[in-house]
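As C-alpha cells, here come the structures.
One chain, subunit A, links the two complexes that follow: it is found with subunit B in the first and with subunit C in the second.
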Partner chain A sequence: MPSVELVGVTKRFGRKTALDNVSLRVEDGEYAVVLGPTGAGKTTLLRIVAGVLKPDAGEVRIGEAVVNDIPPDERGVALFFQNFALFPHMTVLDNVAYGPRMRGLPEQDCIRIAREMLDLVHLLERANSMPHELSGGMQQRVALARALATGANLLLLDEPLSQLDARIGEELRYELRRFVKDLGLTAIHVTNDVDEAMAVADKIVVLKRGSVIQVGSPEEVYLKPKTPFVASFVGEATVFEAIVRAVDSERVRVEAMGVEIMAYAQGFSGGDLVVAAIRPESIRLLREAEPALANRLEVTVERISFIGGMLRVECGVVGTDLKLLSLVPDEENVELAEGEKLFASFSPEEVSIYPYPSEGLFRELSLE
Partner chain B sequence: MASLSGLLDKATRSALARKAFNFTVLAFFFGFVLIPSLWVFPHTLTRLDQMYTQVIAKPEVLSEAVTSLIRSVEIALAVVVIDVAVGVPVAWILVRRKFMGKEFLDTLLDLPVTMPTSALGFSIYLFWATPRKLSMADLLGLKTGFLSEGPLLVLALHAVFCLPYVVRSVIGMVSELDPTYEYAARTLGAPSFTTFRTVSLPSIVPGIVSGAILAFTRSVSETGATMIVAGWYETAPVYIKRMCDVNPDAASLVTISLIATSLVLVFALSALSAYWRVPIVRVLPSLERWLSTAKASAVRDFVILAFLAVVVFAPTFYIAVAPLQAPPQAQAQRPDSTEFGWDAFAETLVNSLLIASGATAVGLLLGLPLAMYISRRLSGRLKVLLDTLVNVSVIVPTSALAYSLYLFWGDAPGGLGLFEKGLALVVVVHMVLTFPYVVRPILSALEGLDPVYEEAALTLGAKPYTVFRTVVLPLIRPAILAGVVLSFTRSFSETGATVIASGAQVRTTVPVLIVGWVKQAQKLGDQVALYNASIACALLLGLSYAMLVAFRLVMGRVK
Partner chain C sequence: MPRVEVIGVRKRFGDVEALRGVDLSIEDGEYVCIIGPSGCGKTTLLRIIAGLIPPDEGHVYIDGKLVNGVPPEDRGLGFAFQNIALFPHMSVLDNVAYGLRVRGKDASFSKKVAREMLRISPIEISPKALPRELSGGAAQAVAIARALATGAKLLLLDEPLGALDARVRVSMRYELRRIVKDLGLTAIHVTHNQAEAMSIADKVVVMRSGRVMQVGAPRELFWQPQNLFVAYFVGEITLLEGYIVERSEDRCLIELREGLQLVSTCPERARGDHVVAAIRPERVKLYASEVGGENVLRGKVLSARVLTGVLRYEVLLENGETLLVKEILTHAKRRVLPETSVWVQIPPQSILLFDYPSIGLMREISLE
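== the complex of A and B ==
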C-alpha cells in the first residue's frame, strides 16, 4: 500500500509542455482524483507514474522510493487505459489473466483470479469472447478487471467510466471506490467529469494546461476555489471582471458593467481590476415582496432548463450586459417564465474576489 | 482536361462502356499475365510421353533436375530463416530507435533490391570469393578467399537481396503498431522482451509472413547473379536456363516443380500463420527477463547492425572500391567485340530504363482499373478468387515465369510462335512480372479505404469517374506511388527472368550484359572484361542509389 509523490515533474512533447513542474502527493490508501479539462495532461501524468513515459525533469516516488529508473513491469502499478488497450488477439479471459501470468503464478490460479475479476465486473459469461465482440462499455469493464487482476496495490485509472451509460457509470463509481477501499489500495483516478470527481475522491487535484491549480478535499475545492478557473470549472459559477470602487476593513464594493456588488474580501485597494465569482446556488431569485440579502439586482429571466430537481436559470441584469446564473430548487410554488422580471439576491460572503489573472480572463476560463 | 473528365464521366455512367472496359482489363490479366505465366502446365500435359522418355526414364537427367530443385528450395528456406531472424530486429530498430543516420540506413537497405541483381552478385562475388584480380582477398593479399564459389556464396548473395523484402514488409506492420498495447503489457508486469513476444509479435506476424513469402520466391527464381557466384552449384533456375535449349522437357519439369513448390509452401505458410498462436504464458521467465535488460538489448542491436555492416553493406558496396585498383594492360582476345564495348553498356542501360518505365506505365494503366474492379465490383468468393490469383502471379518464381512465357509466345511446340527469345520477349516478360507489383499495393489500399467516402461523394452529386478522381485517387496516391516504385525497381533489377528470355543474346538489358561480361571473364580469364564489368557495376550502384534518393523525395512529398 504505497503512497505516491511527484516532485517537480515536467514533460514536453516537442514544443508542447504537457506537464509543467507538477508536484503532488497521494497518501497510502487514498483515493485521489485528478480533475482537468481535456488536454490538461492527465493521461501524461498517469503514464509517468506507471513508468511507460519518462519525465524530462523531476522525480516520481512510490512508497518513498524514487522509481524514475524502475521499468513499468517492476513498479507494481496497474494502469487502466483511457482507450482500454485490450489485446485484440487474446480472448477476454486471456486479457485478464495476462497480469497474473506475468507475475508467474500457477496457471490455475491465473485463471481463477481472472474469472473472479470478470465476475466482479459482471462479464464472466463473456470470458471467451474476443474484445472486438464487446460493446464499448463492456470493454471498459474488461479493462478494469484486467487492471485489478494484477494484484498491484497502486491503481491508476484513466477515465475509467467515460464510456458507460450515465446510470451504470454512477453505479460503478461507488463500486470502484468501495473496491479500492476494501482492498486498501491507493488509487489515482483521472477524469474531466466534475460530478464523478466529487462523488469518489478523498482528494481532488485540479490540473490545467499541465499545472496543478489546486489540491484539496471535494468540499474545499468546491467551496473555496483557488482561482476563477476552478470556480467556473467545478460547479459552473458566474464569473465576471470588475473594478474595486471602495474598500473597508473586511469588505469591498466592486463595479461590473455599471452594477455595484458587495463582497467580503481583503487585500485589494480602490481601482484594482479583479475577477468576481458567484456560485449559482447562492443566487436566490425573488419576487418583489420578499426580503432581500445585501446584494439585490433587478433581472430578466432569459432561459430556464431543468436538471435533476433543480432549475437552472440564466438571467440578465436589467439595463446592462451582465449575466447571472442561478440554480433554484424546482418546487411546485416556483413558477418561472422566460421574460419574467425578478430580483436576484445574494450575500457578500458568497461572492469570491480574485486578482485579475495575468493571462486575461478569457484564457483563464478557457478549457483549452 | 475538363472535357476529358466529362467524357470519362459519361463513359463510366454508360453500362456498356463500363462492361467493355472491365472486359479489357480482365482479358489482359487472364490472357496476358496469368495464363501465359502458367502455360508450362498445359504445355507439359500435351507432351507427357516426351517428358517420360526424355526425363523420367533417364535417371541421370532426372537426378540432376531433382538435385537442382532441392538446392533451390534449401537455399530459399535458409534465406527465409536468416532474413526473418535479421529483418525483424532491423525493422524494429528502424521504426523504434532514434539514432544518427537512421534515414540514410533506411535508404541503403533498399539498395540490394534496386540495383541489378547481377551487379550485386558480382560485387558480392568479388568481396567473398577466392583471390583473383579485383577481389577483396587479392586486395588484402590473402592466399584464399573467405567463401569459395558454391552454396555458401549463393546463400550469402540471396540473403542480401531478399532481406529488404522482409524488412520493408515488417516495417509496414511495426509502424502501424499502437504503442499503447505495449504500455499495457508493461504495466501488467511483462518485461520488454516478453511484451514483444506476446503483444507486438502477434500483430506483425502477417508482415513477417508476406516478407518471408517474397524472400522465398525471389530466392528460388534468381538466375543471373547466382550464375556468377554459384560455380558448380547449379540451382533450379540456372538449370532451367541451361536446359531450355538442350532438353526442354527437363526444363519444363523443373519449372513446374518450382511453381508448384512455391505455391504449396506459400499457401501452407499463410494457412499455418493464421492458426499459429504465440503462447501467452511465460516461457523461460528468467531468460526473457535477462533479454529485456538494457544491456542485452544493446548487445542485440549491436550484433544486428554489425551483421548488416559486414554481411549486407560491405559486400554490396565493395564494387565501388574494386575498380580503384590498377586496370589491366593486355587486351585479351574476344569472340565478339561488339558485346564488350561501352556502347553495348549504354544501349542496354537505356533498354533497361525504357523497359522498366514502359512496363510500369502499362501496369499502372491496366492495374489500377483491375484493382478497382476487384475491390469495388466483386464480392464474396469471386473477390477472394481474383485476389488470390493476383497473389499467385506474385508468387510464381520469375525464372519459371519467363520460361512459361517463352513456351506461350515463342517457337516451342504448341506456342504461338510470335517472339523468339530476345528483346521482344524480354519486354513481354517484364510487363507480366511487374504487373502484380503495381496491383498488389493499390488493391490493399483500396481494401483499407472505407467506401463511405465514395458513397458520400456520390450522394453529393459526383459522377463515378469524378468520384474516382476527386476522392479515391488522392486517398490511395501513396499506394500507387509505392506500386510504381516497386514495379520500376523490380524490372530494373530483374536478372533471372531476363537471362532466360534473352536466350543467347547478351545485348538486351543491362543486368544480362553484366552476366555476359562476368561469365566471359570467368571462363576465359579476360581481365579487361572483368575490369570493365566492375566499372559498369559501380556505375549501376551509383545510379541505383540516386534513383532511391529520388524516389524517397517524391514519396516524402506525396505523404
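== the complex of A and C ==
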C-alpha cells in the first residue's frame, strides 16, 4: 500500500509557473483532496503523480521509492478523469474486465474481479448492458469500477463528479469515499468544489496559484483557516479590513467602518491594519431580550436565502456600511423578515484576525 | 396579470415525450427556477417559452398575448443559453452593448449600461478582451451581462452559471438574483443544481419525465414536499419504510423494519397503511447521553463529517437502517466521533408520511 510524497515539485509551462515548490505527503490509505480554483495547478499536480507529466524540479515518491523516471503504467496508479470514456462497443462487464485482462490474469479471475467491482458500484444487474443504454451517472460509476478493477492501490481522481447532475453528485460523493475506504486504497482527488472536498476528504490540500496554502482535516481547514483566502474560499465568510484599536494579553479590539469588534488574537499592536473573518454560523441573530455574547451589533436583515434547510441571512450593521453574513437554523416557530431589525451576536473566539496581506485584500481573495 | 403563462404544452421528439402536458404561471417580477434531473424536459420548456422551438400542443402567453408562432426576437426577451456564443470579432464591451445598439440607443449610453452590467461578474473581465481570450466562466458572465443589457423585461437563463467554478458559482448566483430584482425583471432560470435554485428563487418548479411535480417557494418544497420525488430531490432526507399499526385522533404509530416504532402526527392515514416516513436531517436532535421524550431512538454514529457550516452524521439505528442528522456547526459544539453510542430524537410533527410507491421506493426517487 502506497504513501505519496512530493518534495519541492516545480512545473512551468512557458513563462507560467503551474506549481511552485510544492511539498506534500499523503499517507497510506488516506483520502486526500486537492482543492483550489481553476488554474491553481491541481490537475498538473495529479498528472505529475500519475507520471503523465514530468516535474521541472523536485521529487515524487510512491511508497518510499522515487518514481520520477518510472513510466505511468509501472507506478501502480489508476487514473479517473472527468470525461473518461467507456469503450462503446463493449458490454459494461467487458469494460470493467479490461484492466485485469490486460494484466494477463486468468479469465475467471478477470470476470470475478469485474463482477465484484460492479457490485460495489451497485451496477451488477447491468453487467450485460452496453454503455449507451446507461444514464450519465451510471456510466460514471462503470468508469469508476473500471478504474478500481485495475488493481492499483493508488487512485487518482480528477474532478470525478463534475459532469453529473448536482443531486447525483451529492449522493455519489459519499459512495466514492466508501468504495475507497472499503478497498483500503490511497486516493488523491482533485476538485474546485468545496462541499465535495469536505464530504470525502481525510485531508484537504488548499492550492492557489501553484502553491500549497494550507493542509489539514476538513475540520481544521474550515474552522481554523490559515489565511483570508482559505476563510473565504472554503465556505462562506464575512471578510473585511479593520484597524487594531486596543490590545491586551489575549484579545484585540478592532474597528471596521466605525464598528468595534472584539477578537481573540495575539501578536498585533494598536494601529495595525488587519483582516477579520467570521464564519456565518458563528453569528447568531437575536431579538432584543435575548442574552448576547461579547460582540453585539444592531443589524437590519437585508436578504434571506434558503440553503439546505438553513437560512442564509445577509445583514447590514445599522448606521454603517459593514455587512455581515449569518447562517441560522430554519426553525418551525421562528419567522425572520427582510427589513427587520435584530442583534447580531458572536463570540470573540469566532473572529479570526490576520495580518493585512502584502498583495492587498482584493488580490488575496481573488479566485483566479 | 401573469407575465408568462404556459397551458397544456406538449412536445415530442421522435419516440421521446419531452413534455407531457405542462401548465405553469409566472408572475410579473418573479424569479423562477426550473429544476429536475437530466432529460426531465426543463430546457425544452424554456426553449418553447423563448420561441426557439414550437410546442406540439398547448399555448404560451407573454404579457397576456398568445405568442405561439411569434419569433423569439419579437417576444421581448433577453436570454443567456449555455451554447449561444458571443460574437467572436467583437470586444466584451461591444458584445454586451449590442442589444442596445440594435435598438437604436447611442454608443455612449449603450457602453455605459454595458459597463454596469459587467460589474455583476465576480471574475475580473477586461471590457476590451475578445471572447476567445476569456475562460468559460468569464464568457458565461459576459453572456448574462449581454442578456441583461438588452433592456428586456423577461430574462430566460439556461444553466447560466454552469461553466463557473463551484465557489464562483455560489457568489454569482446571489449577484444574479440581486440585479434581476434591482432591475425589476422577471427571470426564468433552468438549472440541474437544486441548491442554486433553492437559494435564489421566489418560486421553484420541480420537473420529472416531462411533467411538473410541484411548484412552490423553496421552503415550502423543502419542508412540505407533495411527493417522495420532490422530498428526495430538493435535499438530503432519510426514507424509512413502515406500516401504520395504531392510530388515535391526532397521532399514529408507525412500525418500521425489525419492529422499531415511531410516533407521528398523521392525518388521512389508516391502520394497516404501507407508508414511507421521510425525515429531514435538520429536524433530528442528536444526544451523546440518554434523554427522555417521544421518538428517542438508540443508535451508533457511523460517520461524522464537518461540512461547510454543518455537521453531518450518519447514525445506525438498532433496526439496521441509517438515519441522517445535520446540526449547525459552531466552535462550541463538539463533534461526536464515529463508533460513539448516541440517542436521536425525531419530533413527531416533523415526520412526513407518503404512501409506499407501487413501483418501489428506489424507482420512485430515481434521479436517472
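The criterion applied here is as follows: the second predicted complex is superposed on the first by the 315 of 368 C-alpha atoms of A that agree within 3 Å, B and C clash if a C-alpha of one lies under 4 Å from a C-alpha of the other, contacts with A are read in each partner's own complex, and residues count from 1 in each chain.
Assume a residue touches a chain if its C-beta (ideal position, glycine included) is under 8 Å from a C-beta of that chain, and two chains touch if they have at least 3 such contacts.
Note that this is a predicted model, so its numbers are computed, not measured.
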item	value
Partner chain(s) touched by A:D182 [first = subunit B, second = subunit C, both, neither]	neither
Partner touching more residues of subunit A, whether subunit B or subunit C	C
Touching partner for A:M102 - first (subunit B), second (subunit C), both, neither	first
Which superposed partner A:E288 touches (first subunit B, second subunit C, both, neither)	neither
Subunit B versus subunit C as contact partner of A:E250, first or second or both or neither	neither
Residues on subunit A engaged by subunit B in the complex (per definition of touch)	47, 50-52, 71-73, 75, 77-79, 81, 83, 85, 87-90, 94, 97-99, 101-104, 107, 146, 150, 156
Sites on subunit A touched by subunit C in the complex	37-38, 135-138, 165-168, 170-171, 191-196, 198-199, 217-219, 222-223, 233-236, 279-282, 303, 305-310, 312, 314, 327-330, 332, 347, 349-350, 366-368
Interfacial residue positions of subunit C with respect to subunit A in the complex	37-38, 122-124, 135, 137, 165-168, 170, 174, 178, 192-196, 198-200, 218-219, 222-223, 233, 235-236, 280-282, 305-310, 312, 326, 328-332, 335, 349-350, 367-368
Subunit A-touching residues of subunit B, taken from the complex the two chains share	178, 180-192, 194, 198-199, 202-203, 277, 280-282, 285, 292
